[in-house]
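Two complexes follow with chain A in common, the first pairing it with chain B and the second with chain C.
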Partner chain A sequence: MTLSHFQIEFEKMINRDYFSDKIHPMRKEAFSKFIQNGLPTKKWEDWRFTNLASITTKEFHLSEVKDSPKGTIDLSPYQIEDVDTIVIYNGHYLESLSSTPPGLKLLSGLEYLSSKKGTFENSDNSPFDLLNTAFMDSGIAIIVEPNTNIKKPLRLLFISSGKNHLMVSPRVHIDVEESSSLFFIEQHVSQNSESYFQNESVFISVENNSQLDHIRIQSNSESTTNMANLHVKQQADSQYSFFQFADGCTLGRLNIYAKLKGEGADCALNGIALSTGNQHLGHHIIIDHKVPNCTSSQNFKSILQDQSSGVYSGRTIVRKDAQKTNSTQSNKNLLLSKDALMHSIPQLEIDADDVKCAHGSSTGALDDEALFYLRSRGLDILSAKKLLVHGFVSEMIETIKHEPTKNSIHSQLQNWLIHYS
Partner chain B sequence: MTGIIEKTIEQDYKYGFVTNIEQDTIPPGLNEDVIRTISSRKNEPTWLLDWRLKAYKHWLDMTEPNWAKVDYEPIDYQEISYFSAPKKKELKSLDEVDPELLRTYDKLGIPLEEQKLLSGVAVDAVFDSVSIATTFKEELKKHGVIFTPFSKAVHTHPELIKKYLGSVVPYTDNYFAALNSAVFSDGSFVYIPKGVRCPMELSTYFRINAKNTGQFERTLIVADDDSYVSYLEGCTAPQRDENQLHAAVVELVAHKNASIKYSTVQNWYPGDPKTGKGGIYNFVTKRGICKGDHAKISWTQVETGSAVTWKYPSCILKGDNTIGEFYSVAMANHHQQADTGTKMIHLGKNTKSTIISKGISAGKGQNTYRGEVKIMKGADNARNFSQCDSILIGDQCGAHTFPYIDVRNPSAQMEHEATTSNIGEDQLFYCNQRGISTEDAVSMIVNGFCKDVFAELPMEFAMEAQKLMEISLEGSVG
Partner chain C sequence: MLNINNLKASIDGKSILKGINLNIKPGEMHAIMGLNGSGKSTLANIISGRDSYTITEGNVIYKGESLLDKSPELRALKGIFMSFQYPVVIPGVNLTYFLKAALNAHRKHRGEDELDAMHFLKLIREKIKQVDIDEKYLKRAVNEGFSGGEKKRNEILQMITLEPSLSILDETDSGLDIDALKIVANGVNQYRTSENAFLVITHYQRLLNYLKPDYVHVLIDGKIVKSGDMSLALELEEKGYGWLEK
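Now for the complex of A and B:
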């Protein structure tokens, strides 16, 4: 997709009468900034290992009214017990299929904008953030009011479908106000879709003494490109825990920018990426400790088959005043084929002295001795391998607090393993 | 305790003095004529001049790298004088060496005579750009070892120089390597013939002296089949206010079954302790290639000096069963900035590499470990172990770790771990309670922290390194 093509789509966007012109200045500013720098190239340090050919070589179009679903859609393959679901189909909010848990406030982007007195958070961290602001859909804001514990998990289900080479830019704001909590799931799936480009930006604010659990399941089709830009701000004594399970997309890149702004905040980021074929799945994490006494952890694992490739780039920044920071990074990767390629870049940037920071990274194949042990107990080689692969990641899945979600991810893992040979 | 910290942080550079020797310098500036002048003053053959000019042309098209985590005033390459040599030349023995120069070495605690008599170390002393004294020539000659100034080797062994010069670090490699290739002044050339174990540790002391003189050393060490050599390099520089650029290139070639051990103690002037003004810019390209099977290259460095360090001694593990090692202690105090690390490129089967890096940051120092481990497709059963630890002393300094790990072979096993911390109050308390003063305790803890690396240094250097650490660190932790 060339810049001029982006320009054409942007004109279309601006000229749509059903989009409020209140957001137009924001879009225009972001788009002109985007045009200045263009899409990242491999010369950009942060994008060295991300091949954007799946975006640059195709032409994507905005999702139109005609791309909303015709007739009923079957949600049963994505069933997770005991959750409320908001369904977004090709960027269109399907109200009739959606429900929200009691106590939760749901606003459209425009409503959210007016509640924030005409301005909400944007980011120009990367060209894809700018693209999202320029092309964002009508947006969803999830607000948990102070002192509210939302018992039932909320799921955003993004379905990509059709053969129209769509570009969808979901925009989500999540505000978890003081002393409240939420369990939030976002799930990305595809229904017979062809080369689909999703560029999602999520802005999360976790206020004092509140808690947010965030599960992201990315199992888009093999022709999808999924760019996720996740911005997290945490205030004092807040807890944010993130877990991503990714096995979809030709190119899936997760960017997390977490800022710890209040003392006592705890940020735990975890992820599993399973790739086959020519898939490329990347985790690009920046945690910024701005104040003292915060803890953070990163724990990411990749399993790679065939010619697939992966990146873990984790950076922990500890600012000058952020004394007593405790931070860990762990990246473990399993290469199951001779042609797989893994880049691991665990980085620490530390400007305070009284801190404990550690990182570890290891990449290798399955342990021969462990395989031998299992085979000596009568398992055939494939079952033994599958068992070891399963064990490698299942310990992370076990930490998910919501039982039905955990089971659903477990069964996805089992499904993935069926194809492993 | 604050008193102790201040005392250490305020500690001045011990080796800051200027030796007054007549210098033969060409005016500042860089162009083709300057390169021709350098080449003609050294009576270089045409092929070398052509090589320099090619490098210069390439350099003109390059831009200075800016990815390192260091800040410094932009360098005006036209302000630097590219050639400087003490006027006296062609000395046969130490007695002929300028007494002023010998006194300089005395002040540094490295008297040539004593070394000649006691330590069994052959010293090729480089004062600014031209080698002045080479000792133990005879002994080395007996074994067929060539250890000679680079400018001389060009005439005596042109076939070796032609074959190996730029074979590991081509002039196209990077900005500073290209600059060095164009203007390099002198350096050392070492060749160990087949089956020879070099009878002594070889060493060179580098020293930057003349005002406004960049020093562009070029070292080339070739170890032929089944040979062994240990090379020591140590540096100190006098105190002055203008920044001095040092862009050296070191190339190591290890053939089948050969082993090269390269050790460095670097203690150049780090700049004014209070303002960070002055000090050496140390932009060095060091790389070794394990060409034949079972070859081994080991880098050990203790970096305590320089205002800005940009240095990544690397190993290309081309032969099967080759080994690469990197042991480093990097210290950044006052306003020093160090961006250093290594690259291990695994190409051959069963190749092994070990990286042990210890960073110490104090005062307003910024210390960065930047390393790359690449395991290529053909590197079956490659093995890497990396450990990069940092200690922070004081709340003004920074410690950063940027390891890049690329694995393209599933049979490879690689591990990387790193920790960053300060010296624990509980550790100090424990020592205090046993009757050890805080100062001694800190020295002990830091020495323990660096022990893995110091243990790799040859004896002579281990002593110097430990002393340097104590000077720089004593009592600075609280």
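Now for the complex of A and C:
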């Protein structure tokens, strides 16, 4: 997709009468910045290992009314017990299939904008954030009002479908206000989707003494591209816990920018990426400790087959005032093929002097000793390998607090292993 | 049950075993004693199927079949078990799950039905009592956070669960205090029958006092230089190995 093609799609967007012109100035500003910088190339430090061919070699189109579902859609393959689900199909909100847990406030992007008196948070951190602001379509704001604990988890289910080379730009704002909590799941799946580019930006704000659990399941079909731009702001004594399970897409890249702005905030970021074929799955993390007495952890694991590749780039920034910061970074990768390639780049930038920061990274093949041990007990070589691969990530999945979500991810892992040989 | 004939093996071009001959019949317990580097563990590893060695001469016949061309798992399924000198930690793999998978692989091989979770748990709760392992360990990852003694008891637990014909105990006594040693020896002794055979590899006669092997062999520099009964082990304890080396 060339810049001029983006330009054509942008004109279409601006001229659509069902998009409010209130947002046009914001879109135009972001789009002109995007055009100035262009798409990242491998010369950009943070994009060295990300091959954008799955975007640049195709011409994507905005999702139209005709791309909304015809007839009913079967949600049973994505069933997770005990959650309320909002269904977004090719960028279209399917109200009739959606429900929200009691106590939760759900606003459209436009309603959210007016509640914020005409401005809401944006980011020009990356070309894809700019692109999201320019093209944002499925705008949703999830608000947990002060002193409210939402018991039932909320899921956003994004379904991509069809052969129309769609480009969809979901925009999600989540505000967990003071002394509140939410368990939030976003799940990305495909139905016969041959070519699809989703560029999602999520803005999360966790206010004083609040708690957000965020699970992200990225299981799109193999030919799709999923760009996730996740912005997190945390206030005092807030807890944010993130877990991604990714096994889909030809290119899946997760960018997290987390800012710890209030003392006592705790940010725990976890991820598992499973790749085969020519898939590329990247984790690009920045945690910014701006104030004292915060804790953060990064724990990411990738398992790579065939000639797939992956990135873990984790940067922890500790500002001068952020004394007593306690942070850890761990990245462990399992290469199941000689042709698989993993880039692991843990980084620390520390300007304070009284901090605890640890980081570790390891990449290797299956442990021969462990394999021999299992085989010497009668397990055939494939079962033994599968058991070790499963064991490599299963303990991370065990930490998910919502039982049905945990079980669903466990069975996805089992399914992935069925194809391992 | 096991016939080792003129077995010679090397690792990275270095000759380790220099012609081993050994016959083990059902019901017998053989002990192999020797210093570090004499080739004891190499022998155990070759029988159980570790592939880091090159066999340069000789053969190993188990129950009438050549053993050396078989995979480690097939040897296990045919009834060979090795208690590891250094049991391996398997992160993320729950001990119960592992034991059940291993036992069911054996049952399947024998043409028996696989045990379901409930029946397996009933069985394993009986077995852990014999080696004095607390039930909480069943929920842990294999050998993770186990003390040295617990790891060795876990090896014996696997042995009595999988019910092998030939058990090789590779320095099962190393790192054990006297209480753990008694538990391990007791577990082994309970499993001795006229059908099962044992090959016990050790530096010291301490474990042998509890096991009372039928035969004791001394391995020096890749060869069995002397064979005898339990009295040979006592003699070694008293005089060391020096008098056997020339």
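Here, the second predicted complex is superposed on the first by the 420 of 421 C-alpha atoms of A that agree within 3 Å, B and C clash if a C-alpha of one lies under 4 Å from a C-alpha of the other, contacts with A are read in each partner's own complex, and residues count from 1 in each chain.
By our rule, contacts are C-beta pairs under 8 Å (C-beta built on N, C-alpha and C of every residue); 3 or more make two chains touch, one makes a residue touch a chain.
Just so it is clear, the structure is predicted and the values come from calculations on it, not from any experiment.
K.L.:
Regarding the shared-chain residue A:370, is it in contact with chain B (first), chain C (second), both, or neither?
P.N.:
Once the two structures are laid over each other on A, A:370 reaches chain C alone.
K.L.:
Output check: A:35 vs chain B and chain C. Expected answer is one of first, second, both, neither. What do you get?
P.N.:
Neither partner.
K.L.:
In the superposed arrangement, which partner chain does A:73 touch: chain B (first), chain C (second), both, or neither?
P.N.:
neither
K.L.:
Check whether A:13 is in contact with chain B, with chain C, with both or with neither, and answer first, second, both or neither.
P.N.:
Neither partner.
K.L.:
For chain A, which side has the bigger count of touched residues, chain B or chain C?
P.N.:
B
K.L.:
Looking at the overlay, does A:379 come into contact with chain B only (first), chain C only (second), both, or neither?
P.N.:
second
K.L.:
Classify the contacts of A:106 with the two partner chains as first (chain B alone), second (chain C alone), both, or neither.
P.N.:
Neither partner.
K.L.:
Can A:351 be said to touch chain B (first), chain C (second), both, or neither?
P.N.:
first
K.L.:
Let me test your reading of the model: by the given contact rule, A:97 touches which partner, first (chain B), second (chain C), both or neither?
P.N.:
neither
K.L.:
So which bits of chain A does chain B touch that chain C touches too?
P.N.:
On chain A, no residue contacts both chain B in one structure and chain C in the other.
K.L.:
In the complex formed with chain A, which residues of chain C make contact?
P.N.:
Residues in contact with chain A: 48-50, 71-73, 75-77, 81-82, 84, 87-93, 98, 101-102, 105-106, 109, 141, 158, 162.
K.L.:
Which residues of chain A touch chain C in the complex?
P.N.:
Chain A reaches chain C through residues 367, 369-370, 372-381, 383-384, 387-388, 390-395.
K.L.:
Which of the residues in chain B end up touching chain A in this complex?
P.N.:
Touching chain A from chain B are residues 67, 377, 390, 392-422.
K.L.:
What residues on chain A touch chain B, complex-wise?
P.N.:
It is residues 45, 320, 323, 333, 335-365 of chain A that touch chain B.
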